[in-house]
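As structure tokens, here come the structures.
Consider the two complexes below, in which chain A is the common component and chain B and chain C are the respective partners.
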Partner chain A sequence: MTAVLLASLPAHVSYPFSQALSDLTQIAPIAWVTLTLLLCVLADLILPRHRRGTAVASMAVAGLVVSLGFAVWFWYRGDGHGAYAGYVTGDRFAVFFEMLFAVLGILVVLVSHAYLRRRGMLESEFHVLTLAGIVGMMTLGAATSLVTVFLGLELLSVAFYVTCGFAREETTAQEAAAKYLLVGGFASAFVLYGMALVYGAAGSTLLPVISQRLAHAGVLGNPLLSLGVILLGVGFAFKVSGVPFHQWTPDVYQGAPLPVTAFMSVGTKAAAFAMIIRVFVQALPSMTVEWQVLLAVVSAASMIVGNLMAIVQTSVKRLLAYSGIAQAGYVLIGVVAGGRAGLGAVLFYLFAYLFFNFGAFAILTVLVRPDGEHDDLGDLDGLGYRHPVLGVMMSIFMLSLAGFPPLAGFFGKFFLFSAGIAAGWTWLVVIAVLASVVSVSYYLRVLLHVWTPETAGKRLFVRAGPVAAVAVSAVLAVLFGIYPALLYGAGLFGAAPIPGR
Partner chain B sequence: MPDYGQFHVGTSTLSTTWFLGLGAILFGLGAIGVVIRRNPLVILICIELMLNAANLTLVAFSRQLLNLEGQLFALMTMTVAAAEAVVGLAILVDIFHRRDVEDVDELHELKG
Partner chain C sequence: MLASYVPLLIFALIVLGLVGALITLSFVLGPTKPYRSKLLPYESGVIPTTPARQRLSVRFYLTAMLFIVFDVETIFFYPWAVFLHQLGWYGVIEMFVFIAILAVALAHIWRKGGLEWE
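Entry: the complex of A and B
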């Protein structure tokens, strides 16, 4: 038996240095963040206690900036290809997500540095875990094998299990961590079993090979394969917090520290969409009918339930959690529609969403006091009068989330919905449009509180780092609204490596 | 259907289907356990059971297809499952330090 298996391997494996270097180049942005992570752990050991936090934060930002530089460089070279025996790739799709997550990482470190100091929580550990999450997310974008997809997914999930419960003294944070751990682990198990069944049907874990084998072989009637696709769909729906697998989202978002919520709401979602596109669109085009119906139902349910539930919330964190569920529903339209237009719209929306959703959560950190977070709608009262700049930026984020022109959110929805109509999913787009009309009510309710004339409130906690992050987000949310072609073009290029149908 | 491999156990032969079936049963038991058991520790154990059921399926397919990728995948999964168990136990122990949670329904402070 062993002899047969060994005979399937080449007689001797030659892996010259030039090949190793070329493989490493393809994943340079990911490798660089990993290296930064290790150096941060080292610095945490060496440096004196009071210097650690700031030092590790600056190292993390520097490392992410270099990683972003690598990604931008590879984007313009545009000659990325598979590496490590086809397990990862450096194509434009991967590089697009590497840029997205490097930017996100920088914003997260900027916001969390001030936040953690204010709350007196451990800092360097937090940044190390943030970097681990970023590595996992980047891996999901670059993965071209079921093995790497699963490793990326787990790397990001395990990092978040820890950071969700980072405010260890609070029972709510502990509860959030436990809920995320149990639900996330459950979803991962579904994804893994689905992958095992797909592997069994296709005989390979490499996504392009799976796509090829299933296109020709007579395995399509295989019930195991259909079951595998359904299990994968359920697991993915958990990860993007699609209805009916969304119950964990508001609780975890509310209990986790604000920078983690901001990170998670954008990062996990974008990474999960990268994974869905890689696995469903790239590897399983022969099962399109199955997963399309599955995702369309999840999309419609998410838009309806997310928007209706958001209306009755009083905590801004929970409100934004339900809004995120609805937004995931909109983005799923692009995946269901498929093709270059649909996937380009998905990439556009994910990148734009990064700025306006992250910004909205980041603004809430000015309300943080040493005794905890204050995220009720009432706590926002008069924010616009006490700090007009922050008020204006919060308005930009809310209007962009609601989809008002000329902000990035409007064009994001426009591209998604037009791709949906072009692909013949009119009923889905009708639901989406009606749902976004409903959503305007709760986004404007937040703004009503922000612009309530009231100047005597608790002191705001305004620090340079978070304000810089919020300002960059606001500027880009406006810029991509005024000049959407800039990002939409990038989205189309990013979607190009995924074979269309 | 692809050609199923045969496993030789002593003097008798077993087809891969048995291993796949065992994997499916273990996965189902784990999933049912997560849904009906209330103790967070038991739920964590059930999740590990599901992961290992998937591992068994991967290895069985690997043997049947004469393809080593499945075994590689299973090795990776074992590492991941270990990491997840470590973090999971740490989180749960931290909660048990604070209060005695015997039922996940006692974790209900977050709502709105």
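Entry: the complex of A and C
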């Protein structure tokens, strides 16, 4: 055994400290969140019970702010490169997603702190799991090897399997956790099988090497490679909840606690798109025709089914789940279109979507009572009259999701659709435009309930943390709509490290 | 490229056909005279006192999972030990970081009562 091991490894390994430091710098935002996570676990053990929750929440926020600082610094330096023998990278694409997930993590902790206290749930462990999910998502953005991609995918999935069932006594939460575990396991198996076949064809797990080897080798007629791409596509479609692999989404979103739903609807989706771009666009440009057709079909189906199913929902969480399925369809147009314009549009949309979709879920926390969440459309009745500020912010989120100018959602769709047209995917964009016209009806239906003239109703649960998170989201959703060039420019820079077609 | 797999396919078909034929033949032709002691799970072993489908304490899973975590840790040690001289002090530090992360997890389990057998 040892002899085999020695023979398969290089005779002399040398890894000086300077190299170690340089490698660690490239993943500093990820490493810092990991360190914060470990310190949070220790703080949870040491501190007295009544102070744990608040202390761990503040530590998590502080750690994420520092991580965001690292990411912003690296973004401006812009000299990130591969590290750890090419397994991860600190290029602008990775840093873009590290900034996105650090911001998302801060918002999630802000919302969940008040929510968990209200529901009387264990708090510190929840924040630790949130941080674990963030580490997994950041890893997916930075991964440049199939191994690292899978590592990030599992890290984020395992964190969500646990947090989905955090309301342990509720049967819906148990259903959500079990369903997500089984479906997530299936998706991971598909991805892993696909990776194995791609590795078999290319002989390497490093994404740039795969791209190089498949570019000029006689492997392109290999049906096993095509099968691998299809299996990867199926697994990715599960993760972005694209039709026909979306059935788990409404049930899991409804059963999971609100902060988890908000986190998952934005975070898993963004991380899965980072993974799709890394694996399909960066590693498999020679298989473009195969995955383009696959993703285009999933995109069209998601936009049609998601928007039609959302119309008949009565629970706001389920409505937003179906809307999320449709939104995944829009974003897939950008991936299918490809090029810098397409990928830049994807990054723009994911970052803007973070704010308006997260905000829409986060606002529902004001309806939470100790006995559970009250997220039926009827529960929203008169929200705009009982609390005008929240009503206005909910209107911003809904109109942005529907794609009204001058909000961020409008420019997101504009960039995605124009990239689609420029790349010649007119039929897909026609479906997208028709579908988003349909979507206006159910987003406005939510607003009809919000602005029903009615002031009676249960007291709202308004706390500083969630309201701050919602307000930040609303302000940025408007800001990126009025001044989209800022974020679109960042999106184009973020897409630059991915080799264009 | 796939043509090189054809012998493997033929081999698989032969194996499946042969095994299938043998099982079918022995099922059809063989005499069956079942009696009680022949149907026991262990025909010549200890006679079972209870059915095998019982509720199992969940702690067994916990122990098994803990075992796997530290088992994997041990497996990581072997290649590390082989290359220790070449990795130098960096290798030592790195491995202690790895152990420290696992130790945090162990402390968490311990403090939360995961190791108590009650």
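The rule is short, and it goes like this: the second predicted complex is superposed on the first by the 492 of 501 C-alpha atoms of A that agree within 3 Å, B and C clash if a C-alpha of one lies under 4 Å from a C-alpha of the other, contacts with A are read in each partner's own complex, and residues count from 1 in each chain.
In this section, contacts are C-beta pairs under 8 Å (C-beta built on N, C-alpha and C of every residue); 3 or more make two chains touch, one makes a residue touch a chain.
What you see is a predicted model; the values in this text were computed from it and never measured.
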A:147 touches, of chain B and chain C: first, second, both or neither? first
Partner chain(s) touched by A:14 [first = chain B, second = chain C, both, neither]: second
Contacts of A:182 with chain B and chain C, given as first, second, both or neither: first
First (chain B), second (chain C), both or neither touched by A:45: second
Touching partner for A:222 - first (chain B), second (chain C), both, neither: both
Partner, of chain C and chain B, that touches more residues belonging to chain A: B
Which of chain B and chain C A:84 touches, first, second, both or neither: neither
Chain B/chain C common contact set on chain A: 5, 9, 219, 222
Contact set on chain C toward chain A in their complex: 1-2, 78-79, 82-83, 86-87, 90-91, 94, 101, 104-105, 107-108, 111
Chain B contact footprint on chain A (complex, rising order): 1, 4-5, 8-9, 146-147, 150-151, 154, 157-158, 161-162, 165, 168, 171-172, 174-179, 181-182, 185-186, 188-190, 192-193, 195-197, 199-200, 203-205, 219, 222, 250-251, 254-255, 313-315, 318
In the complex, chain A residues that touch chain C: 2, 5-6, 9, 12-17, 20, 38, 41-42, 44-45, 218-219, 221-224
Residues of chain B touching chain A in the complex: 1-2, 20, 23, 27, 30-31, 34, 40, 43-44, 47, 50-51, 53-55, 57-58, 61, 63-70, 72-73, 76-77, 80, 83-84, 87-88, 91-92, 94-95, 98-99, 104, 107-112
